[in-house]
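Both complexes shown next keep chain A, but they swap its partner, so chain B is in the first and chain C is in the second.
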Partner chain A sequence: MFTPDLLLDLQLKYWVLLPISLAMVLVGLLRSNITYLLQPNPKLQPYKQVRESQFLFKAKQFRENNDILTTEEFEMRKNYYIKTLKSDEFYASKPNVAKTDEFSPLDPTQNEALMSMAKSNLLNYIPQTLIMGWVNYFFAGFVIMKLPFALTDGFKAMLQNGIDTPNLNVRYVSSISWYFVNLFGLKPIYSLIMGNDEAEELIKQQNQNQMPQLSGPGQPKIDKIFNNEAENIQILTHESTFDKIIERFIEKYQ
Partner chain B sequence: MSVSYPLLKKKLLLIASSGQFAKFTSQQLLDTYSELNQFLLSYTSKLDSIELFNLYELNFYLAILTKNESDAKLTLDRLTDQFGTNSQRIKILQSIYQESIGNLKAAGDYLTENPDELQLSRRLTTLSRDGKYISNLIYYINLQPGDLIAWSELSSEYAKIGDYKKAIFCLKEIILVDKVAYPIHYKIGLYYYYIYLQEKETTRLKKEKLIELVTELKHARDYFLYCIEINEGYGKAWVGLNQILNLDIHNKAKEVNDKDIKKITEDNERIKGIVNDKVKLYI
Partner chain C sequence: MAIDNEFYYTPSIVANKHKLQHVQDVASLVLGVASGIMSLESINGFVFYFIGITLTNLLFYIICTEQQPYKFFKNPLHEIFIKDLFNNISGYIMMWCLIYALVKTNS
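Our next item is the complex of A and B:
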């Protein structure tokens, strides 16, 4: 069915379209700066914990890469790792100190991760909700622009959200739809203003839904991990990579 | 000849991130320093903040290495204004600056505030290069067994005093973590060869000693071969391999009636021709 073109008031551009876009960009930039200011200073891991994890890492690497050792060196290191992994030399804290296994909401180390997640989520949702409320309150049902290119009917739901006109040409965009287009499509503008890397960071903040890593209950105790690793090393058999190196060399170059 | 902006930027950032400037000659240092200064004068506004401050950091190091302490101080102030003085990276720079102006005590003070600041602990270990350097390194490695740079440093220190067996032990700790670090494999081969040179000179060659030396050379050969297996174009390994295969000791070893030694000398003969041909590309 033929529908005549709507005539849009030019003032809509100056008083609705541009303010929505501008508000979205400014709020995005503001949020980025506030998030940066609210970020907690990264805390250093205690050196004993680093030592513990590095030793465990080295034991694992020994298990993986021992083929570059000679048999004597392998045996020597194998004995060392088994002996040391079974002792408490590299433990960050003594495992016999009684620790509650339960997740405590009052534990500051666990709380901090949760708080930072809550803060960044709040900073995400509050401005978005406010702008959406503002657009809905002042410009509900506004048709604010006409796209300069044709689109299929599939885009109707995306571009004409909030206006109940089934026969209207898809090229007309409603105010609330313009808000959503801005919400997801402002990255090039941020890149232009802030540089590529920082814009990506901002978009990441906007889309972040990941959970922070929480060291909650159920994590295996370090003595168990060390003992497991010692058992893994105990059953290792050694096959040196140098055993067949001459054959490999000749095969390649002859 | 003028180099285009993106290429120059890439080059300078690469120098900053890889730390290659530590191996530069004094002329290269001066050239890079003036090039970087020119670059910063012309293009500061075009760089994003991460690139800019990485280049300021590079400028600081180059200023220190070319003895321009006043410029180093200026750059350091710029960095501290931006990032404050709590970061480990800044503290290292502050300590380096104090060391460069001869204030060792202040340099040390920056590094000892917090034992959890591990980068500073390493810097502290390397700051005191007195007679106890090796034991300091061992102490530090006991705290940080995964610090490969410290293992490499310890190995160099052992090599300096001629204790190649311990140097090799340290290098093997590195390749256990980073198996394809072919320069380390080459170095292990080289140190085995040095052991041979050391022991050849100090003892008369009896049968047992001969077997021991040929076995050391076998290890050297194997590590050179493994290095070539990872990076065929590593010329030094080919030269080292060629050197080992052409040693006179192998002729003497042929007379020894030992199964293992026979196998080693046979293997050497099998690859000698190939290595002789290949090594011509590198010498």
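Our next item is the complex of A and C:
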């Protein structure tokens, strides 16, 4: 060490370290609660659209899991799906009517998604900058702690912000670096405090995501998708699990 | 019995990952407190973290997955031992710094 050890005031930890941590934890909790409150309730879709996507989903399920059907059942369902997919029975709106809808920024559904994205982004940035400003303004100009590990001199300007002592050991840092350590390190504490709910929400989201979304702007027209699906079903090669099941069973347990 | 990749149920996989993450969170915080109390410095602290977290992962591997991790994870060795090694270090560093500062300024 090229400077003698500094003696730090005992009161620093009660009045600087712990308050900063506490404030950051509380603000994090507040933020997550506010995001929860600001989440828009999912709007009900018109029933025809739901029916359309559900039917497509059903056809997909048939295509992927067709091996549990016997050949006879398979043929029956295949014919039904091809016929229905090619007719316009399940279309939400007739294809020739809906030809002129292009992506417009004023479309209400689009706007809503953009708004919620902007909100969550704002909620991420505003509290962080506020706390950083608070820490910088309130606890400026003194060393608050000694880090247990040494950093290179390159970090000096950032971590010893506001202390104009050129030869001070980099391990002595000011409040802003404690803010940064907290910023990255509080993640496990948040997840311990509100871990369970988050996990449940994730699972819920996953279940919702399985529904195919058809209303996005870049999506191809619904009749194209339906025709595609019909073609996919047409070229299916069917192989039932029940074929030769007796032989396989006997072979396995002999 | 051979279990194909396609038969994983995604929500269960996600829930397992969350449990692993929970264990690792607690472990990294506790390790941070421990190394702060022992007032380890620089490289010793990081070595302590890596040894401690690997030990925890090993215990998770042996006890929680009953040594059959392929039942619960898609890619168990990578997911349990390597993937979150550096993500969790931030929590460790925070507790380490905090407790180190508390211990050091008291003496």
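Assume the second predicted complex is superposed on the first by the 180 of 254 C-alpha atoms of A that agree within 3 Å, B and C clash if a C-alpha of one lies under 4 Å from a C-alpha of the other, contacts with A are read in each partner's own complex, and residues count from 1 in each chain.
In the analysis below, a residue touches a chain if its C-beta (ideal position, glycine included) is under 8 Å from a C-beta of that chain, and two chains touch if they have at least 3 such contacts.
No experiment lies behind these values; they were computed from the predicted model shown.
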State whether A:69 touches chain B only (first), chain C only (second), both chains, or neither. first
According to the stated criteria, A:186 is in contact with first (chain B), second (chain C), both, or neither; which is it? second
Now for A:178: first (chain B), second (chain C), both, or neither, which partner does it touch? second
For A:61, using the defined touch cut-off, is the partner it touches chain B, chain C, both, or neither? Pick first, second, both or neither. first
Touch test for A:148: chain B only (first), chain C only (second), both, or neither? second
Quick one: classify A:17 as touching chain B (first), chain C (second), both or neither. second
Once the shared chain is lined up, is A:45 touching chain B (first), chain C (second), both, or neither of them? first
In the superposed arrangement, which partner chain does A:93 touch: chain B (first), chain C (second), both, or neither? neither
Could you give the residue numbers on chain A that contact chain B in one complex and chain C in the other? 195, 198
In the complex formed with chain A, which residues of chain C make contact? 10-11, 14-15, 18, 21-22, 25-26, 28-29, 35-36, 39-43, 45-46, 88, 90-98, 100-102, 104-106
Hey, which residues of chain A end up touching chain B in the complex? 41, 44-47, 50-51, 54-55, 57-58, 61-62, 65-66, 68-70, 73, 195-198, 241-242, 245-246, 248-250, 253-254
Which stretch or stretches of chain B touch chain A in the complex? 48-50, 86, 114-118, 121, 143-147, 172-173, 175-177, 179, 185, 219, 222, 225-226, 228-229, 267, 270-271, 274, 278
Which stretch or stretches of chain A touch chain C in the complex? 8-10, 12-13, 17, 21, 145-150, 178, 181-182, 184-189, 191-192, 195, 198-199, 202-203, 206-207
